[in-house]
């Protein structure tokens, strides 16, 4: 498949009607940096022309004062891209910007389309030339060949042909358009700062620029923002909501409100439920930083067992850290975590983490804690066993690599060498989500995928230069 | 303390007799990255010649596989440098390496000399030419003109003439020499990994390379490590130990053992003592990340008031982040911290931080917590009021800028708009340090400086091009 | 017009069936560097996949050993691009490489299409998305939508729709295809090195790699080179040959054979004819380096007046040389040329140059020679007055800026302050070209353009990001 | 001589009292670029402080508008450095700038000291620390330890202790000081532009900035330029002038006046003398570009045999050109020169070059000309056989590599496969130099070295890291 296997998580932000639109977009991207560190870009419009600046790396590394000055205008949108193996090229960094028969348009996409290859093969057969390996370009090419006469109509025409998860922002010279897929898989929120409208992946982007959180953009909603104001419509066939539960478990920032709930609260609830479902006698509850923090606090509160920050994270690891060769090998998690020996020595330790993927990291952490002198190590996971890969924008390994796809909990416990292992059950997890009745995608735990796949004949690995 | 209020000093690591000496030094520098992020360097010796690689930025950004390969040999030492205004040039990045009449020598220095300018003026008058703006070069020039015939003797000769704080590593083609100043102001520890000796600023560097912690290098001790083994001597006049208490309060990593105690334990003790000294009725104890973490846990445990991670840190700030111009200004602490609104709303909040320097950051954090809905905000500081600047290697502002040097606690409370403010007292702080009888420098809290200043007539800030 | 106003001169080279195809292409581009210094690229095929490396700058700056190693395979082609104001972006550097329904294809183009904007507007109206501002992309898009089933047939289909000058190379995984436009405006030659076929803009590329010159590729000829050998065809309507006379006057290297004649010989002939047409009594013939060299030697030989290298060229000017601001301004030609005072003092000097464009440079050179002490300065030009811009690939200014388009010879003489001025006439120029009966485009001197323009409605300056 | 057989030394320029001093220095360095392409630097003084900008590469690549703006003040000096194997580091790029007891000083040096190592060993024994591998630093260290109280006196003190060739510029905050060694080996000229004094290696630097040539700075002269004007003195023991004849043969630009004569005229005279000394029947005289140009014109004029530019130079070779690996090897001179086949075919050719070093290049050129169809190839060299290396600033190979040091002319002729070979004799060469009575160093032809060597015990090639 020539597209990046899974487009994976990203962050998007759009600003309409602010004299420093691109500055706000820049700050928003900074607040959303956790959703993608590979690259970032901002497009702005001065009403007549779109300007773009993109680069590889962190937002703070890419944007200089002079680059931001090259982004004038009162409308802007930005995109943070997650790092993926193989497809890491500047050309794939979004927003994408093209000229077409109606002028200029730009797109920023969070999510993943599952029939992109199928559509691409068809478009190429009719002479379309693709220039990126991003599934997002399919939407652009569909818009370019659409017969409708406005960008909004062409977006509806194009998105009606794609399947998958998307929270997408579009811009032309005059408008900012936000669309969330009919199942609402990825988050997208609406905010306001005086006369300025803002759309973003998470509310933490609003906090930094002191914007007010108005509401979620609803599943299947298209929001056209232009000089006449805000126009909301629901142009797609209505479907059951399937918000991604993994955003609550791991991806979103704890200070954000997504899908109507504060992430930190949900995570603490997971920890409390976990304490009830998998209690154990112990001396100390230790989080695996950083995502294990809120559930371990919940576990500690529910169980009454003291909370201890006994694993210290090195935040300076950087993207280019190399492991030296030869004799000293496989530092792995040790480069990021170090135990506080005195806090673990002779203790019965409950380690709380958000998930286990391949099991190799958990195995190393258990060993590290035991080497530091822990008498017992009990692993508690604030989500169910991850048994299936995600096709809607989360960077999970293939099914084969997911330890829980082929091993029972007891096997996993033995592999990671823990004294006991407890996962939060799907049922208890759902109990812990405030808005559970609204519907969540839990395919990574259940294999019950809400969207059907197209049949793909070719299986090319990477066609593009 | 969340930010670079007190800017760290430096970190050093030395490796003797390991086939991958420079790789180990590299890993050690990574573990010590918190002690300096401006630049780093490594020198290695293959027995006949010293090689050096230095650069600006993080350890992970500077060292590539090919640069590490250019550092062959079984002895190596590395240095992390902290960024200071004005003197940020590659030429100041250590280790320094020179050729002199005995061959090659290299130096890595953690600390600060207080009579460097005085000696430099004298040396220049006799024709010495200085090439850096680093006080460390004074030691090199003194070694170069010394009449003694071995590096070790010349080091003693040179260091006998300087005053100040230093944990210094020296290397020539055959030897690694570690010296700690007679008062032992800055930490320095000795470890072992099979046949390899390691010296480092903190024990966290040992953990990563799986070396065993042997002991502190003692105040005034000189350790010569060569093929004949370890040779310890105490060539300087014996003085009272004056270990820097601020290493325990803020600088060192919580997982390290320095001055004989685990830093995390000491910090939690500070928090417990603070709870006893300044109790208050409240609903929640919230740390100011990251250094407020251990004392707030101690406070929570001692007081029984629940601990809550209600301030979320953005770890992606980067060294090059620019604040956009004009209208939207002074984001300051907001770029790094964001409150979890739901966890603070309607609550009486105890904020725990390690220190207050200028007060401006604390003021912003109190406002941020109050804006997020807190009913009361009580600030607790796990150290005494910082009233005096440090001259021994800690980058504190001038006395004028230290809010506690000219304001009473009540004034500071009013300035930071907290409902109450409590500092740990010097007495309680000393109670909480296990090895207190061994002597600490607390000049930043008491003004009682252990080393007398030379009289300096000139007052040049930056002499060099 | 969104395309670069005039695509201007370039150099191309193609290599078929050599184990070091990309190395040969690299050497060929080096020999053709005078045809374009803005950027260069090489595409290679290993039989299954095309690889590309491109960059801005000189061939020697762009290609490192490791970049050349990333270009494996036995077929390769390269392109040197000329610098033009405004459109200087990496994306415009050729060869262009795309994926389309038949696989991969790559194009390298020397020349300029005059109906590119017209075709582009039509293609965009049907949904094509353009990604460069190069007229060459029109050909790619036409190939992509062609209904034929082979690359060769699609090329014929596409080129039948364009008008203009082109010597083009195409590559897919298996074939190298060379096409010259029916009028043969730009040169293209065929060579052989044992079993390897080579096509290039000029024969100087053959000399460096020790290939043998076989023949010109003929106007309107398409040469398909693949494992079955060389296949020649003439798929376009036959037209009168219109080889660009300016290649002989200025652009090609003097050691090349193009259009069947050695450039150096033609230029010396121009000089001899000039001496006959515009004789003058003088002491010395001085060339304006470097292109004035051969005609001034011819002038000297014909007239018997001694030749003198009295203007010295500084070859280090570089592309990034900046002229310092303020007081000292407009060094212009002085940065490149300096007179040998002693060789000019008191002399009657004949200056020989190949052409006068705006007249400003000639004016400065005349002044420079006079300031150096020349008693008289007679300017002789080895081509007719340049009165019309080129639309077929030579970088001439607009008609308004061409001094000869609106001024008589006597006016120009007065403007450049020469004592006399003589241009070679069109008739004498044609007498001096050996293959004159074969037909030349002399539109820049006569305004008689061999290709009719399409009507263009829009006049957009630069649409693309 | 087409290539860097004898590698040039350096170029210097100093500007006193001009509001755009650093801009003029920049232009001067550009004009002197042929004297050194490895790196360049400029120091300026605003009367209180010296500023410096240095870099690797060509002047046009190093200096941007913003770097020139960082060089304010009315006094400036610049230096072009030649590339030598091994010592190619930024730290060796001049001017060197240091702080010492009297303030700041800067040095730019053209030439080579022969007792630098000897003095350095002594200085190190007394504690001096060297920071570069440049012999120029010896002078700086000697100035730093001098007991005199002014820079000028200390310069005299320091230079009295060194032996060798030097044209040196010194600057402090207030003065520009130029010194030429007592034998006047390297050139140095004085010019004026209104109220501004300029010193430079060659007069071509004056032409570009429109300064007037006043006179040579004399052997042994020290010129102090400050606000009181120009002060000339001759502080060293007077010696016989020994101007480097190789400047006239090869190094200097033909448009420069050095040692009182125009270089172009001297070179043409060499060619005329060569024609008289080694006549031969032939059809054409062909220069080896670029330095063979003037002598071949002289040869052609004297002999009446037509001059032909039949070897074309590729000026784009660049410093980073790589020769591709494997099969296609040793392009050598072919990358720079290509014959015009038609101008050589069937001809008896006289090739004129300025010198033969190793003979390998000449051998390739003879072969190239013969392969292009020449019937006979007669090589004529406009200087005597180069038998001895230079120790005074010219980068010649060791004696062993100089073909003429161990081979007779007839052996060399056979090696380079020429039909005949003629060198200009020392006697005829001296006849051709206008100011011959003034004394020239011809040690490279005669082995008669004007300066005695110190005895050196150690033989270290590269002491510094």
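By letter and in written order, the chains are A, B, C and D; residue numbering begins at 1 in each of them.
Keep in mind that, in the parts below, a contact is a pair of C-beta atoms (placed from the backbone, for glycine too) under 8 Å apart; a residue touches a chain by one contact, two chains touch by 3 or more.
Nothing here was measured: the structure is a model prediction, and the numbers come from that model.
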| item | value |
| --- | --- |
| Furthest chain, CA centroid comparison against chain C | B |
| Interface with more contacting C-beta pairs, comparing A-B to B-D | A-B |
| Chain B and chain C: spacing of chain centres that average the CA atoms, whole Å | 63 |
| Whole-Å gap separating chain A and chain B, where each centre is the average of the chain's CA atoms | 36 |
| Where chain B and chain D are represented by their mean Cα positions, the distance between them in whole Å | 52 |
| Numbers and ranges of chain A residues touching at least 2 other chains | none |
| Interchain pairs in contact, sorted by label | A-B, A-C, B-D, C-D |
| Contact set on chain C toward chain A in their complex | 2, 50-52, 97-101, 104, 124-131, 140-141, 144-146, 463-465 |
| Sites on chain A touched by chain B in the complex | 19-20, 23-24, 26-27, 30-31, 33-34, 37, 58-61, 63-65, 68, 204, 207-209, 253-255, 262, 264-265, 293-294, 297, 301, 306-310, 312, 314-322, 324-328, 331, 334-335, 338-343 |
